[in-house]
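Listed after this line are the structures, all set down as structure tokens.
You will see two complexes here that share chain A, one where it goes with chain B and one where it goes with chain C.
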Partner chain A sequence: MNVEVVKTESLKSYYILDIYGKKRVIKAVDEVDLTFEENQIYGIAGESGCGKSTLLKALFAAIEPPQRIVGGKVLYYVDGKSYDVYSLSEEERRKFRWNFISYVPQGSMSVLNPVLKIKDSFKDFIESHVKGKTKQELYEIAKQHIEKLGLPLKILNAYPHQLSGGMRQRVTIALATVLSPKVIIADEPTTALDVVTQRGVIQLLKEIQQISKNTIILVTHDMGVHANISDKIAIMYAGKIIEEAKTEELFDNPMHPYTKYLIHSLPKFGDKERRESAPGSPPSLADLPPGCAFHPRCPYAFDRCKKEVPVLKDYGRAHRVACWLVEEGRG
Partner chain B sequence: MNLLEVRNLSKIYHIGSIFSRIKIVAVDKVSFDIKEAEIFTLAGESGCGKTTTAKIILGFEEPTSGEIHYRGRRVDNLNHKDRRELLRQIQAVFQNPFSTFNPLRKVDSYFYDTIFNLGLADTREKAVEIIKEKLAAVGIAFEEFSEKYPSEFSGGQLQRISIARALLSNPSLLIADEPVSMVDASLRMSIVNLFKDLKEKYGVSVLYITHDLTTAYYVSDRVAIMFRGNIVEIGPAEKVLTSPKHPYTQLLRDSVPEADPKKRWKEVVKLADVEHEEYLRQGCKFAGRCPKVMDVCKKEVPPYFDVDGVKVMCFLYR
Partner chain C sequence: MQVLKDLLRDARFRFGFIVLVILITLAVMSFFSPYNPFRWNVVPRDLPPHWPHILGTNSLGQDIFWQLTFAVRNSLVMSLIAALISRVIAVNVGMVAGYRGGRTDRFLMFLSDSFLVMPLFIIIVLIGTIAKGRMSLPTLGLLLGVFGWAWDARVIRSQVLSLRERDFTYTAILSGAKTISIVFKEYMPFLIPLIFATLIGNMSWAIGMEVTLAILGLTNLNVPTLGTTLQWAINYQALLLGYWWWVLTPVVTSVFLFIALYLISVSISEYLDPRMRIQRIGQQG
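Our next item is the complex of A and B:
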């Protein structure tokens, strides 16, 4: 039985800008329905500017103007009860943050306080959520956690600048998981890292997931990383989820033309066959084309694609796609 | 004859204060050749010295020792005038197209500047002709390009435009430092294919600098793997990347996440805790992490051994 932990229901999160009296609406997340289950690594893939970071902020309930929730819901399932996050007060939301759901941001340098030793960053962080512990007890929690994750203990006495980029990113992950959250959101956690370091960070995420059986929502544009770690993948394009399936199913049988380009354009060792990128460029979220947002770049687009927005629909094997080609059996 | 020959190139940086100076050998006796109409790749992780090598070839950095020859002529000690002459032949494409161009300046003004500075045309009509030809080579229409600011293009388009700018003087060698790492995944291959086409149609050689081994495999004829300033393995791309010899190349090749859910990683990797320690290591710089380390690796710097047409800097092949 799969247990839901976080769910979105036709979530809409827009940036509403007022530029010299002219209103601009950027539809960064539009009608997103996703269900995240327990004990799963859920991957979200998409290019820069497709709205994936906006979606994460909405899930983490940490939105700041000009970002707004325009419609829909984000539901958290905590101890058998469901909470509609955006109907709660800020104080109630704060309680869920880091305890129930935590966030690993992209740039690890800007997360850790440069003038504090790592152990003091841990202490401050734990102290703000767990009350009534002495300094020594807090250090002890940090020490045990670092040990559990298999990181060297000497890093606790180091300052952030003394660590390598990969180690800093792993410390950030350790910090985000110290309160044993049920859900961990990781936004491009390996993007700025070298391949060998990236492998170390991914290994750590995988281990954490296997030890604590929680949910990791992993966002990255790198399909290679998804193939390696994600159990299920959603593809995002221009603010919408256009395809969702189990990892193997998605790689074996991509249905949306965009996903096909994404997977087939990746070069592989031992195969020098010419690979083509999708034609054109991604659209601006402030000025989306009518109908399917991918239609100007899609070589198979027909009339319906230019007029109607395709809906995300299950076509069997838990494989959901939003494409008229598939709907009309032309794909 | 080789187009470019790099011989025993070294660059040493000193870091720290005057009391605790640490010597970092960013580039350590690097030698390689680039042939006519060839794509040669320098691949490695950050801090391996690949960008420093490119900067020295372009004349942005002075080498500590070593020589560079272009078409048989020594070019690492040129004066200002000769260097400018050389830049007609060697042009660069950088990582981030948005920082290549000033956001407040129209993109086409760079094209006219390059043409007039290098004396490629004397009238605006002739300049437009050259620009049209080069834009056609990268697949951009002149009409959608002129009188526009950088923000009006996507990253992929802007990178094509910066390649077109580099082509203005009909260079024989393009130095491309991580040209696709800032470009969106769905557009990346269009840039990589462009280098292939330039080589095949116009005979342009490319020094492709990257950390991405899959595009390196796809596009290059020969590849050199760098680690902490050394080229540890150099040879045909097909051999180096499908059957790597050096333990570091093997680790690097193994760590590339392949877009195939059936090929997931199994073993656990070991990472360096403090990076600069590896630069200071005696003997082989990879010895601290190498699974096949021997006593000799910790004492002596390995020379190059020829194995199956590939040069490997490792005692395993003694």
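Our next item is the complex of A and C:
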């Protein structure tokens, strides 16, 4: 149990912009320490612009300027060995992709090549990792995989624009899992789908996870989705992880004021009270307030919050929080 | 074969295809010509069309029909050489510049811009004048090929630039695909219509260029092409003397050739876009 597969060590990824000689640094991912374990659905939640996508790109080692890795490491544990991704060559990294770590993009029209049939996308993706197979054999692999996931076989002969949004999302999931990777990163897989389809997509993800016992890193701002399938959740705010706990623990006993707002804003049965949301709006990552980034919006903020940046600390039951209120026992 | 069958359902393709087949047949027939195209006075002069000289004869004493078979063959071969060479350069330059970006892009675009701003026609005229009479058709094709790629490289580059920023490129990169397979497998289907359209445009341009150079008397006039045929006709006042069969033969042939090439390129471009194809011919297994 608890075998690590991917780990970040004080990962810092900034966007460094040079506008007319004026340097601007956007700290999109700052000092992130996360450990992703085997056989787990790990949820990452946070509002738009808090650095979720940047974190994913850093995990994937698919960064392009102006994004840069300023410090820290991303470690992959493959077959008992650990690899620091950023010290690997481009070719070695390429081999890990899809085989070890794969990606379910946000389900939109444009993530699949619009002029290739689905089966050809499958063929191309498998071909870049599996050598010495004929076209027919590659199609056969795709066919078996689609059958295993219980999707209709005729989609293989379709073009992306002929599929509905939900089916397209399922196809991207099928595509991401075809080489049975250890880690699957799903970037907002249910966004832009209606709730019924959302459920189907989530169930598919869950089934795949249960069958192949791999790790899914699920990124979405939808707390309802997290409550349904995530085993463990990390809350991200302004480039930092501010709280991390097991799903039940987090929903029962949220510690950070921001997490409390997030969870209290969810509707409940029979409760007709007005839902309260966090006041104000998220800060700009280019111009973060000093101290705790949440303090301008936090009703319980006190002096220390405005000066010192809180660190992520374990308060028992694997519940980690970065908040001075908790630290000082005021929460 | 299925592809050709689907394409032939389009009237435009059918027309272009038939015209092109006729012209290619003509070109092939040149190998069976009873006359040597370089010899004069092999038949009676200035005869209007009638059997056995179905397109009449010219003032040089040549049979126009059999001259035409040589002209079509030479013009097609020359324009194909020009178009293929410029396509190879344009596709490579465009793809590399578009995908690599940065300094490579700036250098390659500087090169293609240089070719664009150079007064191409005058340079070709100059080279034609220097090599007067000795410039063979393959050399002319080579010359036009080397000068004709710049604009098309820009077009291909701009398409690659836009493809590079699309989400599916990101998906493909993350799937661990190699750069070369992204460019050739993911981008090629988008680029083929462009390459086809520019190929055919380039062929028309090369043929037109050859006609212009021939009329100016800058190519080897002994070699029958569409251009030199016209040049001889004008030189011998065929229009004034009412030898319409002599003037019209190369003109009508070139017009049909241009139209056929254009229609084929339009039809193929449409066929290669799956959305258009399904609208037109319906879903196929």
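Methods note: the second predicted complex is superposed on the first by the 328 of 331 C-alpha atoms of A that agree within 3 Å, B and C clash if a C-alpha of one lies under 4 Å from a C-alpha of the other, contacts with A are read in each partner's own complex, and residues count from 1 in each chain.
Basically, a residue touches a chain if its C-beta (ideal position, glycine included) is under 8 Å from a C-beta of that chain, and two chains touch if they have at least 3 such contacts.
Because the structure is a prediction, the values reported are computed rather than measured.
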| item | value |
| --- | --- |
| Which of chain B and chain C A:225 touches, first, second, both or neither | first |
| Partner chain(s) touched by A:270 [first = chain B, second = chain C, both, neither] | first |
| Touching partner for A:247 - first (chain B), second (chain C), both, neither | first |
| Contacts of A:94 with chain B and chain C, given as first, second, both or neither | second |
| Partner chain(s) touched by A:199 [first = chain B, second = chain C, both, neither] | first |
| Partner touching more residues of chain A, whether chain B or chain C | B |
| Touched partner set for A:103, first chain B, second chain C, both or neither | second |
| Doubly contacted residues of chain A, that is, touched by chain B and again by chain C | 162 |
| Residues of chain A defined as touching chain B within the complex | 47-48, 152, 155, 162, 164-167, 194-200, 202-203, 221-229, 247-248, 251, 258, 261-263, 265-270, 272, 274-278, 281-282 |
| In the complex, chain B residues that touch chain A | 45-46, 154-157, 184-190, 192-193, 211, 213-215, 217-218, 241-242, 251-253, 255-265, 268-269, 271-275 |
| Chain C-facing residues of chain A, complex | 60, 62, 94-99, 102-103, 105, 108, 110-117, 124-125, 127-129, 157, 159, 161-162, 172, 175 |
| Residue ranges of chain C touching chain A (in the complex, touch as defined) | 166-168, 170-178, 181, 185-186, 189-190, 272-275, 278, 285 |
